[in-house]
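Shared between the two complexes below is chain A, which has chain B as its partner in the first and chain C in the second.
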Partner chain A sequence: MRYADFTPYDLVLLAQGLGVTLGLFAATTLIGLALGAALTVLHYYRVPVIGHVVVAVTELLKNSPVLVQLFLVFFGMPAFFQVNMTPVTAALLTVSLNTAAFAFVIFRSGVEAVERDQIEAARVFGHSRWQILRRIISPQAAAFSVGPLIGLLVNQLQVTSLISVIGVADLTKIGNILNLRTLEPFVVWSVIGLTYYLCAKALAALGGRLERHLRRSVVWQGL
Partner chain B sequence: MIEINNVEKRFGSAEVLKRINLKVEPGEVVTILGSSGSGKSTLIRCINGLEALSGGAIRVDGHDVSTSAGLAAARRRSATVFQLFNLYPHMTVLRNVTLAPIQVLGQPRAEAEAQARALIDLVGLTEHADAYPQRLSGGQRQRVGICRALAMQPRYLLLDEVTSALDPEMTGEVLAILARLAAEGTTMVFVTHEIEFARRISDRIVFLEAGELIVDMPTEAFFSEEGGLAVPRIRKFLSKMTKD
Partner chain C sequence: MIRSWNALEPHLGFLLEGFALTVAACVLAVAGAVVLGALIASLRTARSRAARTVAAVYCDLFRNVPFIVQLFFFFYGLPELGIYIGAFETGVLAMSIAGGAFVADVIRAGILSIEQGVIEAARVFGLSRWQIFSRIVMPNALRVSVRPMGSVLINLVLTSSILSTITVNELTGTAKIVAATTFMPFEVYAVLLVLYAALTYTLSLAVTGVHRRLNRGMPEAVA
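Moving on, here comes the complex of A and B:
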């Protein structure tokens, strides 16, 4: 069966691939954001040594190709540390850490964007460092961060397509399979591309609503 | 009582405060005058612990602000109103005023809100209790700043150039409230450029010059020919400040 036509079953395949992509994206986003937020808290408390290590590691993750990181985790780590690594584990680990590194940078700038004056006021009124982080800094930093964060996540959604290279059956991998079977690359990659596009647009729209909600205290009074 | 003993503050090689001594008794209104850069705001920032002392000691009701336990106790006894209001922009007026009573004093929310609403009524912002600070004028924001401070039921109110960022009309709004507080016996340390107002409400006037406290006198004496006006520096300052 070399030059087979499209069948209705291909839609099921496509849906499965989309499910894997979205599932992996959701999982790595949750882990990545949680880890990024945790690193930001560590950084806020200026924990000695750890703060520097965090910055160094995130710099490495931000400034090297995700595909290389993926190869390192999938091929390099099992060889070096004698551990088993399934494609899904490798994909989860790599993309989560990568998201965490960028989220850390975004959250950190969000924290730094909160005016020092308010923090001084809160200190004078006797709030603890934790209360200041929780009540004063976090809500404002979240509002500042959500825009750049949506940009990051839209990008990370595209980045998940790289995991098809190590054999995870995501949307791109399904595209590959359909392409090899039908030899209709234009149709296949148009459909796959459009699917990513629609997901990204939906994500951006959701993010926009969240941003408006978080920034409700800031009203435009005209220019 | 706020006791300031031989307080020194240096930023690098710059001496901002030089061996300052000052006592503020409960019920007193003490105004600190001096030109910009004389160290007035720094002194307030030393009392509320935003700046660490380079020398000397400050005690608020006996609590030494240079120890962390002492500072926490001192901060419970005083509250600060800031020049640029320093409100929390993501919280409504009501939340700005109730945050510290709930979080720091552990007041029940209902009680804190009732008290906050009473204060907000008092400063004439009843309709704005649920507005965000950005919707308010400068004078209204500063009135919220005063409510936020009063909600902590402080023994000492520290006022750091609270009208310097306001136009004359808004300044009037804020000063009217401060005059009422002074008349009710609120203890205040008042850093300001509003000379005439200071003269009306203060018990004592302190004059800082280049980080040194050069005069500490009852208000009447400060403005008399044989008292403050006999000091050339103060005469020059007052004539400049009251010219217009």
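Moving on, here comes the complex of A and C:
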């Protein structure tokens, strides 16, 4: 007997794959954004050497393929540092760092977009550097960054599909399994593609609402 | 470290072959993406509502589905239709189509940035619609969109690493083989990371050069 046809159980598989994809996406987003924000604070305080190292490393991460980064972590690190590495750990580590690198750039330009006058005024009022960051810069930088961040996250959702290559059973991997079993590439990949599409659209819609909420106090007065 | 370099040396030729294939795929895909992107962008700004809708759906779809899913769709799907082309050709095709969607958005923004007065002036001079499009609109749109197109094309180069998943032995594919035979994955992939970064850096320098050349004699943008 050949199990070549689609079965109802395939829907369960699909749901599992979607769960893995969304779970990993959520986890890497949280870690990546937190790390990106932390790096931005480091950069803001102009820590001597570390600031330059952070910029160099994030540039390297932004300018190399995520697939190669995944291979470096999953195949390279266990061989070089003699550590154990599961596919999920490798995926979490790589995608989080990648998100952090891009988020760092977005946050940094958000911080730089805050007018100097406001910071000078705050300094005149005797605020400390931390108070300025906390009360003046970060609320505005968050509002500036939210638009580009949504674009980044929609992109990172698609980047998570690469983790299927190192064996994480995400949506793409499930697609691969179903494709090889049923030999119906059009049906399988259309369904998988559509699922990703709907997730991306939902994410963008959610982000749009958040953006309107954050920018409600900013009135666009034209150029 | 010395040991590593000695062990990698016999494989340099093989890696170089992979590099050549990556460059070939990128050159072909960049050409394809720019041509397709210009075509889709002109459809998106056309008078006919149907053409605009088709082009908008194309951009939306191919931007929001992960590239690896699109690649598998073509790689497993095309033989089903009786189209037998090699993995390399499939990869270039998929990269051109996906890249075209991103390039189209950039060129469309360029077209929309042209002042209506310029087009009206051309019309007053008695230029035909085709002449206006090919002599006035397109050159100006391309001039404006060189820089944003550069970042899209750099992304396309990074995307080319995904071709290794459909048996194309480009740079990442050959590196996988070398990593397996030498059992030095960390060193191999670390070198690869730097190589890709160098490649994209060179490309970004070239883009800046083209941008300067096309915009010579133009006043610097104020914003």
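Criterion: the second predicted complex is superposed on the first by the 216 of 223 C-alpha atoms of A that agree within 3 Å, B and C clash if a C-alpha of one lies under 4 Å from a C-alpha of the other, contacts with A are read in each partner's own complex, and residues count from 1 in each chain.
In this text, contacts are C-beta pairs under 8 Å (C-beta built on N, C-alpha and C of every residue); 3 or more make two chains touch, one makes a residue touch a chain.
Here the structure is a predicted model, which means the values were calculated and not measured.
Engineer: Report for A:Gln131: first if it touches chain B alone, second if chain C alone, otherwise both or neither.
Structural biologist: It touches chain B, and chain C stays clear.
Engineer: Would you mind checking which one, chain B or chain C, touches more residues on chain A?
Structural biologist: C
Engineer: When the two structures are overlaid on chain A, which partner does A:Gln140 contact: first (chain B), second (chain C), both, or neither?
Structural biologist: A:Gln140: touches chain B, not chain C.
Engineer: Touching A:Arg123 in the superposition: chain B (first), chain C (second), both, neither?
Structural biologist: Touch status of A:Arg123: first partner only.
Engineer: I'd like to know which partner A:Pro48 touches here: chain B for first, chain C for second, both or neither.
Structural biologist: Once the two structures are laid over each other on A, A:Pro48 reaches no partner at all.
Engineer: One more residue to check, A:Pro8. First (chain B), second (chain C), both or neither?
Structural biologist: Once the two structures are laid over each other on A, A:Pro8 reaches no partner at all.
Engineer: Determine, under the contact definition given at the top, whether A:Gly193 touches first (chain B), second (chain C), both, or neither.
Structural biologist: In the superposed model, A:Gly193 contacts chain C only, not chain B.
Engineer: For the complex, give me every residue of chain A touching chain C.
Structural biologist: Touch list, chain A to chain C: 59-60, 63-69, 71-72, 75-77, 79-81, 154, 158-159, 161-162, 164-165, 172, 175-176, 179, 185-186, 189-190, 192-193, 196-197, 200-201.
Engineer: How about chain C: which of its residues touch chain A in the complex?
Structural biologist: That would be residues 61, 64-70, 72-73, 76-77, 80, 154, 158-162, 164-165, 172, 175-176, 179, 183-190, 192-194, 196-197, 200-201 of chain C.
Engineer: So in the complex, the part of chain B that touches chain A is made up of which residues?
Structural biologist: Going by the criterion above, the answer is residues 48-50, 72, 75-76, 79-80, 82, 84, 86-91, 99-100, 103-104, 132-135, 148, 152.
Engineer: What residues of chain A sit close enough to touch chain B in their complex?
Structural biologist: 115, 117-118, 120-127, 131, 135-136, 139-140, 143, 216-219, 221
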